[in-house]
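Naming follows writing order (A, B, C, D and E), and every chain is counted from residue 1.
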Amino acid sequence: SEVRIAQQFGIGYLPMTVVKEQKLLERFVREAGLPEPKVTWTQVSGAAAMNDALLTGNLDFASAGVAPMITMWARTKGRLDVRGVTSLGSMPNYLNTSNPAVKSLADFGEKDRIALPAVKVGFQAVLLQMAAAEAFGKDNYGKLDPITVSMSHPDATIALLGGRSEVTAHFASPPFQEQQLQDPRVHRVLSSYDVLGGPHSFNIVYATGKFRDANPKTVAAFVAAIDAANDFIARNPKEAAALYIKAENSKLEPAFVENLVTDKATRFTSAPENTMKFAEFMHQVGLIKEKPASWKDLFVPELHGKAGS
Amino acid sequence: MAWRPEREYRPAPPGAIGDVSQSLPWLHRLAAREDFWRLAVLVALALVWEGYGRWLDDDLLFPTFSQTVAALWTATVSGVLPLRTLASLETLAMGYAGGVALAAILTTFATSTRIGAALLTTLTAMFNPLPAIALLPLALLWFGLGTPSLVFVITHSVLWAVALNAHAGFRSVGPTLRKAGHTFGLTGWRYVAGILVPAAFPSILSGLKMGWAFAWRTLIAAELVFGASSSGGGLGWFIFEHRNQLLIAEVFAGLLTVIAIGLVVESLVFGTIERRTLDRWGMRR
Amino acid sequence: MAWRPEREYRPAPPGAIGDVSQSLPWLHRLAAREDFWRLAVLVALALVWEGYGRWLDDDLLFPTFSQTVAALWTATVSGVLPLRTLASLETLAMGYAGGVALAAILTTFATSTRIGAALLTTLTAMFNPLPAIALLPLALLWFGLGTPSLVFVITHSVLWAVALNAHAGFRSVGPTLRKAGHTFGLTGWRYVAGILVPAAFPSILSGLKMGWAFAWRTLIAAELVFGASSSGGGLGWFIFEHRNQLLIAEVFAGLLTVIAIGLVVESLVFGTIERRTLDRWGMRR
Amino acid sequence: MSALPSSARRGEPMPSAGTASPLLAVRDVTIQYRTPDRLVTAVYDVSFDVLKGDRFVLLGPSGCGKSTLLGAVAGFLHPAAGTITLDGREVRDPGPDRMVVFQEFDQLLPWKTVRANVAYPMITSGRFDRRTALERADAFIAKVGLSAFADSHPHTLSGGMKQRVAIARALALEPAMLLMDEPFAALDALTRRKMQGELNELWEDTRFTLLFVTHSIEEAIVIGNRILVMTPHPGQVRAELDASGLGEADRGTPAFAQLERRIHGMLFGEAHG
Amino acid sequence: MSALPSSARRGEPMPSAGTASPLLAVRDVTIQYRTPDRLVTAVYDVSFDVLKGDRFVLLGPSGCGKSTLLGAVAGFLHPAAGTITLDGREVRDPGPDRMVVFQEFDQLLPWKTVRANVAYPMITSGRFDRRTALERADAFIAKVGLSAFADSHPHTLSGGMKQRVAIARALALEPAMLLMDEPFAALDALTRRKMQGELNELWEDTRFTLLFVTHSIEEAIVIGNRILVMTPHPGQVRAELDASGLGEADRGTPAFAQLERRIHGMLFGEAHG
């Protein structure tokens, strides 16, 4: 049998990279008493393509940010029944700016431009709206939307660091946010952890109900593999960083990557954190029609034993 | 050879032959009309779409024609789609105009000098295969975020097709017509406008048609890549936004709008121009 | 009118006139060569690039030509770029072949029946402006993730340009040549291959050239959307990867590869074909 | 059509029957064009016979339907009424047994050399194998005096040379009939005369059967042995005349001038007979 | 070029000077073409004068440089040596004072009606205002007998009709000189004769100055009052002959035939004088 998995770019997918490089899924499937599967790994460049691939049956495990995964859950509920299989850990996303006058959200002016991968709908856009709701009141969650612009992380980083464009801020993700902060002209306005009051899951692996029902042991093995990978990362951050650099053919400094991995805000865990806050907010602003009763609605039973939220 | 008699005949008078030229019944005339067949093709395609959609039964992946039309209706009535379409058309018009203007300059240059011709063919071979994202850094640098950059990319996509076709058209203008123009005392711009442009019009028009198709393609793709600000945003953004929310019927409604506008422009704008010019001048290939 | 004398002359014998047809000096002959000017344009462009890049002095945004060439060299020597290029070229070739084959079928159909013509023009007007992402769900549904889907999207991008041009070319084949072909007893496929295709070759070739440019454009854009299996990935993925790592010189090296291949194909492949066919046959427009 | 035998021939049997059985028999043929919204009658109720070895000329004013009639014999068009039979078989489609030489210079395949142009229909028709075809091609190219240009492409030839190639191509195939639609009309006067002479020499040489369209009375007399005079649109037969005694050499003789005047009268409505 | 006065004219003063001062003076003109890698001499050391009201014919075999010479007079080409002056001013560029009628049918602007085609150069040259131009256009269209087609586009006209429009267009502008490069060569023989007659009638009517290129001896005699006979490539002057006494009506007369034979001899190398 074949298991088809897709991941995206970035340090946030490190657990999957470890699973891939160390062939952990193969091992746990074997240990569950099934014949060793052929695992096919694919890299996909965005959530939209990821979802299409999952919906057309070209993928078994898809991975994307929390927001797209919740959208997917809401839209397929009662039919394809997509659910999260595991979190890929919690990482903060920073809102960085090159405008020295900006110390908080309230300081953004007409002339500022905040870059996001996708205005209004993406993970960072939802984060920014949640932050705006906190800063300006529940109903003013959209206050900053008019000054947001869509841009991919690398493009936004170039724009911000180049200093020649109107982009003065960027709601980034690792490792771009750290790369930006190496430039003295750039400083952090807020971290997503501040917005959610603590760590929150960043990327989620998800699968359809049909696959889960047909392959319960594979799903369990996948969770176990991620757990084992997280364990490895926690114990051998240096090797994990080296593994990442090799797998991604990255030109980043090993020390820089290691710092990302060992950052105390970063937690590589399979347990979903603060996902319900996302779901509630997305429901509140109308991005999804239905609200999950609890985080357990969003995830497979295999995870329900963990300390999720 | 055996001898053969000569013969003379008294031909039937015109009246005796019946109508030398008779009207055909309406069914024949209908079948001879291009529009009729185009409409038939459109209807057939809609039916195939509906059928396949129903058979698939997966509105997350491929909504049916009727679902799409329903979504189109809702989005139109709510005013969102018209607004977005208008925004796109505005950008498109600017980029298209820019591309055509630049193409005019480049082609004039290419037509009048050797190095100009080399410049045009080389630039076209170089830049035509480049996707819009390749221009992103320069666009951002020169024009900043939003519409101006979009206009730049559309200009780029239109420019080469139009310039290439116009250049080919100019080159194919016969020496007789050229000389005739010169004899009239026309030189420089008056010569280009008075002789070359109308004489190369079939080629120019086909370049314009192709440029139009690219402009759309590029716009939709570029709106995703280039900082669409949330305040504005065109059709491309409409599509992307709904795609992100997995509202696929709306996505298809957006695409259907693109198609509909394409068909309208093709048959109304370009079709009318063709009828008014090429057909009347006997220059249709 | 006043009376004028008749006159007879004794013309100079051929030898007395000197060389009736003389060779020109090499500088003149060089200046008359297209390649010379193309090369000059290329060198000039490289210089402008280098100069602007140095003046900007921002290798994150716009690396200089020399930086790009250095990155190109490293990536080539390491074997990554050639591998990726090969992968892309393979996909491209398949998609291109598919597009051309489909175009051949569609055009044959359009040339032989009324409804076929309506089908071709309508489909072209509809699908030509559609960006590749619009086809993504269908491509995934029918062909799955990876190369087959890429091939499908490239096929789509090539198809319309080639079909449109070929159809226009077929329509422009004169009635005399058509009748001549029929007189030879040619019908069906032998007629198309023996008469129509060579007669419409200028148009077909320009369609093929345009299709080639689109295929590249689409491939680069589509590789980003469709992703890559861990083993492979083409030039588009190479560009995307390095962009993600903010290695902009490598990104430009990738784009330069695209341009270089475009130029090579344009001047070597298509140029040779043109010289061997159109020029020799006196059919160059 | 009311056949009215001229005074000279009154009381004779069916004239079209002749004595030999005809190679081409056109019987009561009416031809119509279907435009997008009209039906136009171009040729009305025309009958004639062409015997083997005839140089049969269709003569008439511009637009009278000569090309239409020739096109029907070639098989490009189908009569709305009447029948056209060649050697007893009804003509349905174009085919290499009725090679056509057109007025236009673009009837050669520009992508083939002169030799290949001449050989091509011999090969595609399957009548000759490749080698024989090329040999015959060379022979016929020599006959029209173009051996030096056998390897040239058509675009390097002058108009007259192109027409010669087209004639060589048609003759080389040994068609049952050679159809020519104003083949010399686009040539200048000097070349035209020369080509008329050459055609006659070729006929002396190979004795093909020819159906020749022209609107020049002089050309009709120089080339034809039978002349079918047609009325203006819609084309009907005005007369079928004998010109077998007159050729190039007779230009300017009283007999030539008389026939010329007689046909002129028929075409332009003066008294005849 | 060694000028060898023929026996009849021996010992006379500079023959090209004539008695009136020439409208067009071509002096020792040599013209070369520059191809990508060669320099080809097309016309060598040619001199002649055209007086006002002349119907001056350039006659010579194909490829001898007639069109090249006419092109130089029109201003499309520049002599490598020698001078061309019109009314004393050197010819540098094409201009509406030397209207050209070409052999090709595509010299009309297909995107303009017949009337607009005739009026266009009058307007662009700034010689007439719009209204006058249109009035003159109608008048000249009437002169060439095409009033019924004034609102048609060129593609609906036959070749002969197109040439008539081109002539009307050229004449309407009242050019100092009318240049015609084998304007009737692409027409069939009947139409060609008719057009020759019409051109002569127009000349009787308006007395323009004409420079006419042909390779038909007969046409040269019918049209011209002076005939410049040229040698084969590279083109030089063989003779400048007087044909002022001969016109259409003289076709077939002994004088006509004699001149025809004389020119024929010059062109095809038989003994002369």
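Quick note on the criterion: a residue touches a chain if its C-beta (ideal position, glycine included) is under 8 Å from a C-beta of that chain, and two chains touch if they have at least 3 such contacts.
Everything quoted here is computed from the prediction, not taken from an experiment.
Chains touching both subunit A and subunit B: C. Using the average of C-alpha coordinates as each chain's centre, A ends up farthest from subunit E. Chains joined by the most contact pairs: B-C.
Averaging C-alpha coordinates per chain places the centre of subunit A 84 Å away from that of subunit E. Between subunit B and subunit C the centroid-to-centroid distance comes to 20 Å (mean Cα coordinates, whole Å). Computed centre separation for the pair subunit C/subunit E is 46 angstrom, with centres defined by C-alpha atoms. As a whole-number value, the distance joining the C-alpha centres of subunit A and subunit C reads 41 Å. In subunit B, the residues that touch at least two other chains are 61, 137, 140-141, 224.
Residue positions 52, 55-56, 152, 155, 158, 162, 164 of subunit A are each in touch with at least two other chains.
In subunit D, no residue touches two or more other chains. Those residues of subunit B that touch subunit D in the shared complex are 1-12, 14, 17-24, 28-29, 32-33.
Per the touch definition, subunit B reaches subunit A in the complex via residues 58, 60-61, 136-137, 140-141, 144-146, 224-231, 237, 240-241, 243-246. Across the complex, subunit E meets subunit C through its residues 1-6, 8-9, 12, 15-16, 18-20, 34, 36-41, 44-45, 51, 53-54, 225-226, 231, 233-234, 236-242, 244, 266, 272-273.
On subunit B, the positions that touch subunit C within their shared complex are 31, 34, 37-38, 40-42, 45, 56, 61-62, 114-115, 117-119, 121-123, 125-134, 137-138, 140-141, 160-161, 164, 168, 171-172, 206, 210, 212-218, 220-221, 224, 239, 248, 255, 258-259, 262-263, 266-267, 285. Those residues of subunit D that touch subunit C in the complex are listed here as 71, 74-76, 93-96, 98-100, 102, 104, 106-107, 109-111, 120-121, 124-125, 153-156.
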